[in-house]
Amino acid sequence: MFYRENGQFKTSYRADQQIFPIAQDRIAILALIAVAFVAVPLLADEYLMRAIFIPFLILALAALGLNILVGYCGQISLGTGAFMAVGAYAAYNFTVRIDGMPLIVALLLGGLCAAVVGVLFGIPSLRIKGLYLAVATLAAQFFCDWAFLRIKWFTNDSASGSVNVSNLSVFGWTIDTPYDKYLFCLGVVTVFALLAKNLVRSHVGREWMAIRDMDVAAAVIGIRPVYAKLTAFAVSSFIVGVAGALWGFVHLGAWEPAAFSIDRSFQLLFMIIIGGLGSIMGSFFGAAFIVVLPIFLNQALPALGSLVGLNIGTAFVSHAEFMIFGALIVFFLIVEPHGLARLWSIGKEKLRLWPFPH
Amino acid sequence: MGFFIETTIGGLMSGMLYSLVALGFVLIFKASGVFNFAQGAMVLFAALAMARFAEWFPALLGFDSKLLANLLAFAAALAVMVAVAWLIERLVLGKLVNQEGITLLMATLGITYFLDGFGQTLFGSDIYKIDIGLPKDPLFLLESVFQGGVLVNKEDLFAAAIAAALVIALSIFFQFTGTGRALRAVADDHQAAQSIGIPLSRVWVIVWSVAGFTALVAGIIWGSKLGVQFSLSLLALKALPVVILGGLTSVPGAIIGGLILGVGEKLSEVFLGPHIGGGIEIWFGYVLVLFVLLVRPQGLFGEKIIDRV
Amino acid sequence: MNTMVESMTMTAPAAPARRIGEVILEVKNISLAFGGVKALTDISFDVREHEIRAIIGPNGAGKSSMLNCINGVYQPQQGSITFRGQTFAHMNSRQVAEMGVARTFQNLALFKGMNVIDNIMSGRNLKMKSNLLQQAIRWGKAEREEMEHRAFVERIIDFLEIQAWRKTPVGRLPYGLQKRVDLGRALAMEPQVLLLDEPMAGMNVEEKQDMCRFVLDVNDEFGTTIVLIEHDMGVVMDISDRVVVLDYGKKIGDGAPDVVRANPDVIAAYLGTTH
Amino acid sequence: MKLKSLSIAAMLAAAGLASVATTAFAQAKEQFFPVLSYRTGAYAPNGVPWANGYVDYLKLTNARGGVNGVKLSFEECETGYATDRGVECYERLKGKNGGATVFHPLSTGITFALTEKAPGDKIPIITAGYGRSESTDGNVFKWNFPLTGTYWDAADILLQHISKKEGGWDKLKGKKIALIYHDSPYGKEPIPLLVERSKMHGFDLAQIPVTHPGVEQKAAWLQIRQNRPDYVLLWGWGVMNSTSLKEAVATGYPRDKMYGVWWAAAEPDVKDVGDGAKGYNGLALQHGAEPNAAVVKEVLTKLHGKGQGTGPKEEVGSVLYMRGLSQAMLGVEGVRRAQERYGKGKVMTGEQTRWGLENLALDQKKLDALGFAGVMRPISTSCADHRGATWARVHTWDGAKWNFSSDWYEADQAVIKPMIKAAADKYAAEKKIERRTPADCQS
């Protein structure tokens, strides 16, 4: 069957405003979700789960959050790692200090704390714009790094400053095998992705984009920059915080602030750049790309070397990784500044017309 | 009291070094509107080149005059940096004309990664030595006045002197040479500059080369202080608040911003740090900048931004 | 689609055929300066309900600054603005918008990243009340709200005859159409006073005619009061009821078109610049 | 252009699959040693020689004919000293080539993360000379083996040495000792013991953190200048160490009053400081730089002689190289011990190796036989003590090489044991783990 929308008439605005107006898309996405929930756990082995799928999901969630701030509201942030850290440590403290704190609640509370901190560091955005703001957000990054290293209370007085959690469970479902973890993350991510999508397509979403595209005009039609920017910071940091909590609880199990260093912030930024600013879908593309690439290179380069009969050391591989990474980022910015998501939609446009382009 | 002075001097010294890196940022931002995150990576790259050439040349050409080795290495490293500048213009910026600032910032982040990887592939990731004969031993002043005297690090003293010289040289270059004028013209208005026949791409190559030069100098000084090693590229993070504090477009801003931050950091770390746990200088600079920006969103010396409709 | 729109009832005030009413907006002794530069000095004029009021003047006369003062983008150093009896030293854009003043922009200020519908929908934001959580869940109140306002927006889209471009990102539209979307966004606010900043600048004859038609229709159909900045004297003289003339930030003339046309200062100011 | 890039991508993909395939079908007749190393990033200068030593010993063991005939296979994975990369490496290697034998994370951060995962995967973790000190208690930490000593031992021994120099513990009263530490779990680990000791002997302890990677130390040393401590303990890693020494030179702090932990006392730390570092002391985790050790000579002949050496020839015998070498040996000996119980000439599982490590009995004779005469002292582990020994010496840099400047020390368990117990119990409580029963210890 061709990829077509003709013959699909919208008889109500509801129908016209759904996330995927085209039937084929709806089918495709449902199929995808089904695969993610059923097929992947059946097929993927433990390594794939732990090293690729789980990190991918969690980082995709973080990227999603960041994308709301940067992609939709146009406020550059280099402090994402910090907000993840806040989420993680807050959730940790709730779990160790309150007995029988349910995991989900802990995660959400972590997100809330992150949101508060996010708003706090978002306040400058009301006066500071663009690059200046970008650098200002680094303050959040370094301050939080320091706070979690120094202030013993956050780490429950662990001598080394490293904290750990275990025996996770939700409603009696103990999450310990990678498969449980995967499904749990997948569930969380799916829900958040849906909620986020709803937000960006309702009026608050339009306010964010209005501020991003032309803040003066936005003000003139009655949008309050304060409200728009701070909600963006809050929502973004909330999601990022939850992602951070997942990263610590589900993926690492034990972590120190270095797990949420500035490199993480950049990594997330790259995800949304490569994936596509202002696109929910893009966050996932970007995350997939950046999670898989280094692992792939790690495996492929030595193999490639051995094919041509020279032995490539791990040092060279990771240097090469740096280079390829940098090169790819530049490449994307030059070829498609709107990222994979745009390529995707262009592809769809083409497909829609295929095989008769005129 | 003596100790306070000592700390302040120490702060000024390291401040001078920050501004050296910050200078690179400002030059490039002025002339091409690019916020060059790669400055740190360029410092590392330049330093690596310098260090390794200084090792290789004597070995290759079979002489052992350290001076000669350093001079040759310096020349070679400079050539490398110019080549890098040229490539960046050709392969990256030339293709990103008229993109928004954020896109360009991203591009330079990409360049950062590339240079980090490339530099270490070419020159190795061990820790290397740059020895341009800066004295390492401390210097004690006013010992009569304060018990223990005021310690000044000779090496820093030289470094600061070099940095100052560089700044002066650059300002002369900008004020009095034809190229300098062209650069300023471009800085003021790209289109206008183009319309009177100043070739943008050439100007950019020049600016990036100059930035490469400052990177090299910074690299040599830091390198001889700390040894040439991957961590040098993290200097960018030290210079960022300096640039922003000074205002992206102002050379004096970079210098004064550097000094302010240098002093602020050291004083806070030494006098405030012990009470709240130490290790605060890393964020102190940024938080300081944050508050300055709240009062002056364009930094201390930046041009004021007015929204027009 | 159309059938549905008909079924929706028009929520804008459907005024009877236009007749000039009382003073709705009065500007008193406004002065505005950027640093040393005086943009406006001691400007006063009034706008009556349902009329079309033109502000003209050579480039840099301070016309746009005047509008920016009225809808709170700039804060004048002196003077006051009276709107429906309430007097303000200066207002913030939000208040102005809430009081029913809408605005289009000289050099387009559309939201480039959004499509036509969303741009116009954004004009409805003031009227949308559902909170973050409701929007995140969408199902229920938020969705109903979206539907209602979407219907209204569709009405505007039909009015401006841009149905075909509903889902096109505004960035891809030709200039003339972007101007229409800009107008549409302003109309979506159901304004009482509509400030138009050179709505016809850079248009060809047909586009200008269309735009004139829209302006006039808005004015009669909805009875919206219109304050218009325009360079094209022809247009101004045809459609406006009264004209204010600014030059170098000072008011040099005020009155009915033909009166103004005869004013020697105006002629002086315009010598060579009239077209 | 597009096509080309596509084809390249395809090629890479193919290669990737190939590599996966080959590794998957490697016969499980070999004992697989995963190698988590860092040859890049801020800590590469120290990571590289360690990795080279580690790999060389595995190669050497094969050259010697394997462990009772069982050949060793190994694969490196670059962690860059980053926890999440380390976890990924662990996940990637733990299942490969018939299952990982034992992991050396070589990063306290990664150790913490793996400590949570190892019990599930039944793979022992050797953290020789680092990791979490309380993991000495094998009754709680069944899978961790901080062989040959922990940071608490290190700190204790340094203090012993200082007190000896001063002429007795009581002489420490009123002395000032500053700890300059890498601001990370690694650097913080010794603090509890130092605090404990400072209470016992009444010296005052100044804690001065240095943020990663440690190139910004001016402020730290200004503080040193300010309260002029009698001794400085250096708990750095990577570039931080050499920077500290340079700052010491710059602020004129006497190097011979500075004592580094065994990770802050190797060639890369002092090499580019040269004469400036003369007189600087550091702990030697049993071995120091051992250019004349039998095992080193063997490596040179059997590997470098045949051009199979991993790193440069000159590096063989250097401190961190020896560290890697000896730690590989510990893992290998664990396997050998396990074979004594579960069958000689068989490939041991992680679980069996764990038993081997827990019942390690390396007396001097065995060590000498392995070529470690004069390099290492006996190590014997048990359920209660996963550490086996706490032997260490102090060595001093003379501007060109490291020379031993003290006799052997052993950490004072009277002080450390209770602390271990307490910390281990706290951990057990948090994790709701039961202490192991004697029966379990036999198994």
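For this structure, a couple of remarks:
A, B, C and D label the chains in the order they appear, each numbered from 1.
Here is the rule we go by: a contact is a pair of C-beta atoms (placed from the backbone, for glycine too) under 8 Å apart; a residue touches a chain by one contact, two chains touch by 3 or more.
In this text the structure is predicted, and so the values were computed from the model without any measurement.
Of all chains in the assembly, those touching subunit A and also subunit D are B. Averaging Cα atoms per chain gives one point for each, and the point farthest from that of subunit D is the centre of C. Of the two chain pairs considered here, B-D and A-B, the higher C-beta contact count falls to A-B. Taking each chain's centre as the mean of its C-alpha atoms, subunit B lies 37 Å from subunit D.
Centre-to-centre spacing of subunit B and subunit C amounts to 50 Å, using the average Cα coordinate of each chain. Distance from the subunit A centre to the subunit B centre is 33 Å, each centre being the mean of its Cα atoms.
For the pair subunit C and subunit D, the distance between C-alpha centroids works out to 73 Å.
Contact with two or more other chains is made by residues 146, 149-150, 216-217, 220, 315, 318-319 of subunit A.
Shown for subunit D are the residues that touch two or more other chains, namely 39-40, 44, 48, 183, 209, 211.
Within subunit B, the positions touching two or more other chains are listed as 120, 125, 277-279, 282, 307, 309. Interface residues of subunit D facing subunit B in the complex, by the touch rule stated above, are 39-42, 44-45, 48, 183, 207-211, 213-216, 218-220, 222-223, 225-226, 228, 239, 242-243, 246, 249-252, 268, 271-272, 276. Interface of subunit B with subunit D (complex): residues 3, 6-7, 10, 14, 120, 125-129, 136-138, 148, 151, 153, 155-156, 225-227, 229-232, 234, 238, 265-266, 269-270, 273-274, 277-279, 281-282. On the subunit A side of its complex with subunit B, the touching residues are 76, 124, 127-132, 134-136, 138-139, 142-143, 145-146, 149-151, 215-217, 220, 262, 266, 269-270, 273, 315-316, 318-330, 333-334, 337. On the subunit A side of its complex with subunit C, the touching residues are 12-14, 17, 195-196, 198-199, 202-207, 209-210, 212-214, 216-224, 231, 235, 278. By the touch rule above, subunit B contacts subunit A in their complex via residues 35, 91-92, 95-96, 99, 101-103, 105-107, 109-118, 120-121, 125, 237, 240-241, 243-244, 248, 276-280, 282-283, 286-287, 289-290, 293-294, 297-299, 305, 307, 309.
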